[in-house]
Each structure stands twice: as structure tokens, then as C-alpha cells.
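Data first, discussion second: the structure below is written as C-alpha cells.
Each chain carries a letter (A, B, C and D) given by its place in the written order, and its residues are counted from 1.
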Amino acid sequence: MMDKRVASIAEALSGVRDGAVVLVGGFGAVGQPNMLMDGLAEQGARELTIVANNAGWGRETGIPRLMGLGRVRKIVCSFPKGSVIFDELFRAGKLEVELVPQGTLAERIRAAGAGIPAFYTPTGVGTRMGEGKEVREFAGRSFLLEQALQADVALIEAWRADRWGNLTYRGSGRNFNPIMAMAARLTIVQAHDVVELGELDPEIVVTPGIFVDRVVRVARE
Amino acid sequence: MKDIVMASATPLDRTGMAARLVRDIPEGWYVNLGVGMPTTVADHVPPGREVVFHSENGILGMGPAPSPDAVDPWLVNAGKKAVTLLPGAALFHHADSFAMIRGGHLDLCVLGAFEVAENGDIANWTTSSNDIVPAVGGAMDLAVGAKQLWVIMEHTTKEGRPRLVEHCSYPLTAPGSVNRVYTNLAVLEVTARGFELLDIVAGLTIEALQTMTAAKIHLPRTT
Amino acid sequence: MMDKRVASIAEALSGVRDGAVVLVGGFGAVGQPNMLMDGLAEQGARELTIVANNAGWGRETGIPRLMGLGRVRKIVCSFPKGSVIFDELFRAGKLEVELVPQGTLAERIRAAGAGIPAFYTPTGVGTRMGEGKEVREFAGRSFLLEQALQADVALIEAWRADRWGNLTYRGSGRNFNPIMAMAARLTIVQAHDVVELGELDPEIVVTPGIFVDRVVRVARE
Amino acid sequence: MKDIVMASATPLDRTGMAARLVRDIPEGWYVNLGVGMPTTVADHVPPGREVVFHSENGILGMGPAPSPDAVDPWLVNAGKKAVTLLPGAALFHHADSFAMIRGGHLDLCVLGAFEVAENGDIANWTTSSNDIVPAVGGAMDLAVGAKQLWVIMEHTTKEGRPRLVEHCSYPLTAPGSVNRVYTNLAVLEVTARGFELLDIVAGLTIEALQTMTAAKIHLPRTT
């Protein structure tokens, strides 16, 4: 029997290595894999590169907690504002930052999942974001070359899951989660409900299980 | 000087600016509203005119903010504020959301800005000076992707410095992208020859408006 | 009131011009917009470029009917086998063909819808499909540059639709339809059911209405 | 000659070939089966071993063909044949389907072929001679995308010409992609030094197999 369910957060995070590139789902407070992030703090991996839209807010949990523990070497994001610990570490030169426009971030992640090593985008042409990047014209318009953002681990929050790893999301909780689930060598999911195989209508599955390695059920907060 | 020329004019407040912009949004448009003042535009769409609001975190058909007791914590807009869904709404992930934006499917994006130049350049993401790490979010994608980019902003800074300029002094969000600017004093179209005046608040002369604008204001050509 | 419903097939197809690039959904017999294709034959546009996975089968309907009427100048597809009329016209030099690997075809259509003018793919490297195309290495592996496939019109078959143009599909009827709906200036949909606004759960909409211009209801075959 | 060397051997029929290949598919693999003989592989998975079959037209978790009275006309596989969905199935569009393929998410693809070369080149889409317009379908994407590419084919053509060769004579589907070949006579792994014999049918000598193979057959190194 193929069963991607694991019994604990600790088991879900086993094997995450120092130096890993970790995709973290969520936009604002919605769709963030908070339990997995706390688990990653416990697990202890160091020198991580975190890829997420935001750099988090409060110090106690999520990305800021990891940053506060000194586990994060670099962060790739579109909107790091709002995190005090981020500002502190960055000012102190203890954190590397790669700022990426939100749509380019999403497309680079999707490209990694889709086997596309690089693509051209109009976003960022003629701005500071284009500095040092290849510019090329198609049909008389300029575009930047952007590369796929490959990752070792994806931490995903889903609404429902089954033992094959099929996932649905809720409301605006989808955001980066479905594309991050595609883009990592090891995709770990915290789900609010884990249902019997066959309970998820094939028409409404958003992330097919092929993209998922481990599923852990978390109590609703 | 600003105080003198404004003596007899009635500049729009933020509500008035949003309401003025909404007048120009036709029924059936798909519209993304930037965080901050642009978001308030949604509050002024008259009942019965269907405009579909897009939020880059994966929502089309976004409705107004819920009453405090009806908040669904799983539904926020791009400004991370609670929102509702209208009948006809759809949810999708970030790559699909920015496919809509980058692919030219949005009829309109409304952004705030620090500066707009007469060639349509927009600077709205960092002033460099006070940003230790600037946050760019989705502004660059929205600026290049939407069919129309309208900027809503005060005509000058609090210190009276013009925000409509010949060349942006701040780092660009996107070159040559702005189609129209709605300020507290006027509405200006960005054309091949620069800013063209579409509307001006009551009691303000064009000459007075020009003194608060660091680029030439053209009058529309009559045909 | 925003209402994309139109009353007839003829109205749905009004304005399709000679020389148009037309995307046609479907894979095998599933998800083909047959009524719209018949309508296009009636409508009369000529010199069309048809983009579809297959070139159709029987002579009486669909792409073969259009080809038989001499309306098709070029076909872009991955698998033209099975259409007698296609073979006849091609042998007679009356039809131009661009053969594209299926995944590259899908990605070129998706790229057009997503504002990506070009991308790199491993598919076709070192084969006849790569001839004349730019080859570039990323991380030591070779990839082909492929360009977005822009279109004027998309003909789509959906299962359910509402007046805003939101769509769901059924079974394997999704195939090329959702990405083609994104990629054309004018997207025309035949739907089996047209339901009231609000009847489609926002969580299960596959094609959001922003991609759709016209919806016509067809009787179930 | 073929008849002579085969005299004492029992070559596998198509069913036997499919069954032999299935022995090597572990539980939990995601597998795409090409049109034709590869499709029959699905019929030989033993009950209780969960293997998830992918169809490039947007299905994961494809089940067996339905009984004639239970056909859902809205569900076909890549060969346009009626199929069913297993509990745990998922449906998606073509771009997502080929993202799975090209993105390296499939554990295995099984294709038929005209020829496989000792460097892993595969030719399976056109023989040029008889194709007025060759049809390529999804074969090129599958060949480069899946983690493992196994070919299932007769060891020689009907005329006795070897299909395992030093260099393909037909146009390539993909260079250097095949990991393993299952024929009616043997199972061979494509390694850095060429074809390595993993299995051979009863009654056939390696020498006899070599005479029907146009590339050197290596024996596995024992370590």
C-alpha cells in the first residue's frame, strides 16, 4: 500500500539537510505551514536558503523564528517588509537577500517544477531588478532571462489530503503552495484533514499526489 | 506657493480621488487594485455596475471587507486584509494569478506611486534612501502586465514637491507603463507628447496646476 | 450586467477573420468544440491556421470538414495521423504543417497566455525537431528555445459555465482547453450547461472568466 | 539463422513481455505507458501492488478499461481508448500534465521503439520512409522527462533485423535516454559501456542472443 502519511511533524521533517533550499508556502497569514516551520526549528538544519513571498512577521514562529535561531543563510522573497528580526539580521550583515518580483518568483518556481530551466519575462526590464541579467527582444519588446528556482524541500499547507498525497486548499490558502509542491525534491505537507483514498473528487484535486512525498495531519489552530 | 495657488481650489480628498477614478471604470473590466489608496477604489463602484476585482494572491471576484463577525481567516487580499468572495468568484494559485497579470488579461491595474514621468515611467517601490531592503511585491508584474495602468496619488508630496516629473528620480518600477494619473487636483493622460490634461478640480487654473507639476501639461488636441 | 452568454453559434463566431490563428481544444474525441467547429465552417473564414493536438478523423465534422472546404492554410499539431483528408491535402501540397511535440505545444500555448514570450525545454534536443532552433546549455544540459504560440481565437469545450465565463470541465475533457482559453485574443466556449452566477464553487472553477469572451450553450450530443 | 538459434529457446509472447516488465515496477511508482504494447503492462500489475498510471491527456490514477456498458465517453487515455479512474485519481490540463513529464516527476515511462542504441538513443516516432507526415505526439517529452525510460519491443524486426544497435538508423526521439530494454528474448540495461544483460529467456544462449543484436552485449560486472 502506497501511504505518504507520517505520524509526526518530526518524522515529516526527517532528512532535511544543512544547506537545503526550502520553499515555504503562504501569503500573509494564509496557507503558511506553521507547524512544519516549528518542526524545522526543532529539527535543527542550518545554513538554509528560504524561499517565500514574505519574510514573516512575529518573532515567535515561522521564518522569523528560524532566522532568530541563526538557521537561515539566505532568503529569496518578494516582500520582506514587516519582519523586525529580518531587518536586524540584514543590517548586521548576517543574512543574504535575493529580492524577486512576485510574479517572477512564482514563475521561476513553476518552471522548476515543469522542467523549464529558464524563460523570458517582461517584468523588471529597465529597472534595478534587470541589472546583470540578459535582455533579449522578441517582436520588438525587451524581456529578461530568468532561471528556474530549484529546491530541495517544499513545506506546504493544504486543507485536505489523502494517503496518495492528493491535495486541496481553502480560500486564498492556495497561493504559492501548489507550485512549490511541484518544485522540490522532497515535498512535505501539513493538512487540516486527511481523508480516505477516493474521498477527494478527481475533478477538484489541485495538487496531484505525484508532487507530494509526505503528509502530516495537524490539528486545526 | 502651494498655499497661494490653492486658495480658491477644492482639492479632492482620498475618497473623492477614488470616486473620480471609479467614474472611468466601465462595467465588465477586470481590475487589480494596489495596496493602500488604490484598494479604496473598490468601495466606490456604484451598485449594479459589475467590475471584477483581482487579487494577486489568487482571487478573482473579490468582494468588500466582511463585517468583523463574518471574517473568514482563509481569505485575504494582497494587502493581507480580510475580504469576501462575490458570486462568480474563482480561486487559483500564484503562477496562474501572475499569468493573468503578465499575460495582459487584466483590463486595469491601479497603483499608488512616488513619481510618474511624462513618458509613463513609474517609481513606486522604493525611495532607496529609507529602505534598507526594499520590498517589491507584485508591482513590477502589474505595471508591465495590465492593459491599462492608472496611478492614483497626491499631486505633490507633503512638502510640495511635484510627483509628476520629466524623469523619475527614484528607482523605476517599470518604464513607459502608466496610461493615466489621478491626483487630488487633476486627471492626466500619458500620451506620446507627455501629460495631457483630462480633468481639473473646480477653482484651480491650469497655470496653477502647472506650477505644481514638474513636467509640461498639454491640453487635449481638439479634432 | 456583465454577460458573456450569446444566443447562437453564429453569434459566438462573429468576427473571426480570414487568416486567423485558431486554437481548437480536445484530445481524441473528448473536449472537442464540435458545434463551434461546424459554426466556423458556416461562418466562412478562410486561410486559417489551426492549432490542435490532432488533425481530426472523419470527414464530416471538425478540423477535417474545415480542411475539406479549403479553409485551412496551415495546421500546427503533434499528431496528425488518422485524418484521410489531411493526408490528401498534404500530399497535394495544399496544406502547410508545423509538427510540434505535444508537451512543447502545450507549453507554448500556456506561455502565450502567461505573457512569457519564449522558454527553454529539453524536449527535441538532438532530434529533427531541434533543427534550426537555438540550443543553449543550463547546468551542463542542452535545451531548445521555443516561442509562445499566440492566437487570435480559441474554440473551447467546457462542461459548465456561468455568465461571467467561469468554466469547469469533465473527465479528460480538460486537456488543451484551459490553456487554450488563456492564449487567444477572443475565447469562445461551447458549454453543456450554463448555470446561474454563484452556482460554481470558486474552489472548483478551472478556467476563471477573465480568459473567456463568449459562452454558448449546446445541447448534449 | 534466427530460426536455428531460436530452436531450443522459448521467446516471450507480448503478454509474457509485459508481465516480465511489470515484475520490475515497484509499488508506489508513477508510470506512463506509451500507446500500443506498453499499454498492456497495466493489465499485469498484481492485485495489491499500487502503481499509479499517468496519461498525458490529464489523468493520474488511471484504472483498467471499463466493461462495454460502463464506458464514460468523457474519459479516454492517450491512445484515445476508454479508461476508468481509481480511487485517488486526479484530473488536470495538458500543461500541468507535461509539467509532470518534463519536470522529472514520473518514475518511469515505458515506450515501444523501432530501435534502441547502446548509448541509450531511442528512435520510435518515424521511419521516415513510410511516413508522409510523421506524428510525434508526446513521445519526445516522455523520453527526456521520466526518471527511467524502459523500452518494450521485439528483439528483432519481422525480417530478423536487430532493433538493438550501435547507432540508430531512424530519426531519434531522444538521445541517450533509454535505461532498460525488455524484449521477447532478454532484458538489457543501458550502461556507460553499452547493453548489459540482466535476463535472458530459457533455452537461449548469450552467443545466440548476440547474433540477433547489432551491438555488443556485456555481462554484468560482479563486484
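Methods note: a residue touches a chain if its C-beta (ideal position, glycine included) is under 8 Å from a C-beta of that chain, and two chains touch if they have at least 3 such contacts.
Since the model is a prediction, treat every value here as computed from it, not as a measurement.
A.B. asks: List every chain that touches both chain B and chain C.
C.D. replies: Output, common partners of chain B and chain C: A.
A.B. asks: With respect to inter-chain C-beta contacts, which pair, C-D or A-D, contains the greater number?
C.D. replies: Of the two interfaces, C-D and A-D, more C-beta pairs touch across C-D.
A.B. asks: Would you mind pulling out the distance in Å between where the CA atoms of chain C average out and where those of chain D do?
C.D. replies: 30
A.B. asks: With centres defined as the mean C-alpha position, give me the chain A-chain C separation in Å.
C.D. replies: Chain A and chain C have C-alpha centres separated by 32 Å.
A.B. asks: Centroid of chain B to centroid of chain D, CA atoms only: how many Å?
C.D. replies: Chain centroid spacing, chain B to chain D, equals 56 Å.
A.B. asks: Would you kindly tell me how far, in whole Å, the mean C-alpha position of chain D lies from that of chain A?
C.D. replies: 35
A.B. asks: Of all residues in chain C, which are in touch with two or more distinct other chains?
C.D. replies: 107, 110, 114-116, 121-122, 169-170, 203
A.B. asks: Any chance you could list the residues of chain B touching two or more other chains?
C.D. replies: Expected reply: 91-92, 95, 98, 101-102, 145.
A.B. asks: How are the chains arranged in terms of who touches whom: line, ring, star, complete or other?
C.D. replies: other
A.B. asks: Using the contact rule from the top, write out all pairs of chains that touch.
C.D. replies: A-B, A-C, A-D, B-C, C-D
A.B. asks: Using the touch definition from the top, list the residues of chain D that touch chain A in their complex.
C.D. replies: 27-28, 30, 48, 50, 52, 54, 60-61, 85, 87-92, 95, 98-106, 145
A.B. asks: State the interface residues of chain A toward chain C in the complex, per the touch definition above.
C.D. replies: Interface residues on chain A, with respect to chain C: 107, 111, 114-122, 138-139, 141, 143, 147, 168-170, 203-204.
A.B. asks: Would you mind writing out the residues of chain C in touch with chain B in their complex?
C.D. replies: 1-2, 110, 112-116, 162-164, 166, 182, 197-198, 200, 202-203, 205, 208-211
A.B. asks: Can you tell me which positions in chain A touch chain B when the two form their complex?
C.D. replies: 27-30, 53, 78-81, 86-87, 90-91, 97, 99-104, 106-107, 109-110, 121-129, 169-179, 206
A.B. asks: Tell me, which parts of chain B touch chain A in their complex?
C.D. replies: 55-59, 72-77, 80, 91-95, 97-98, 101-102, 132-141, 144-145, 171-176
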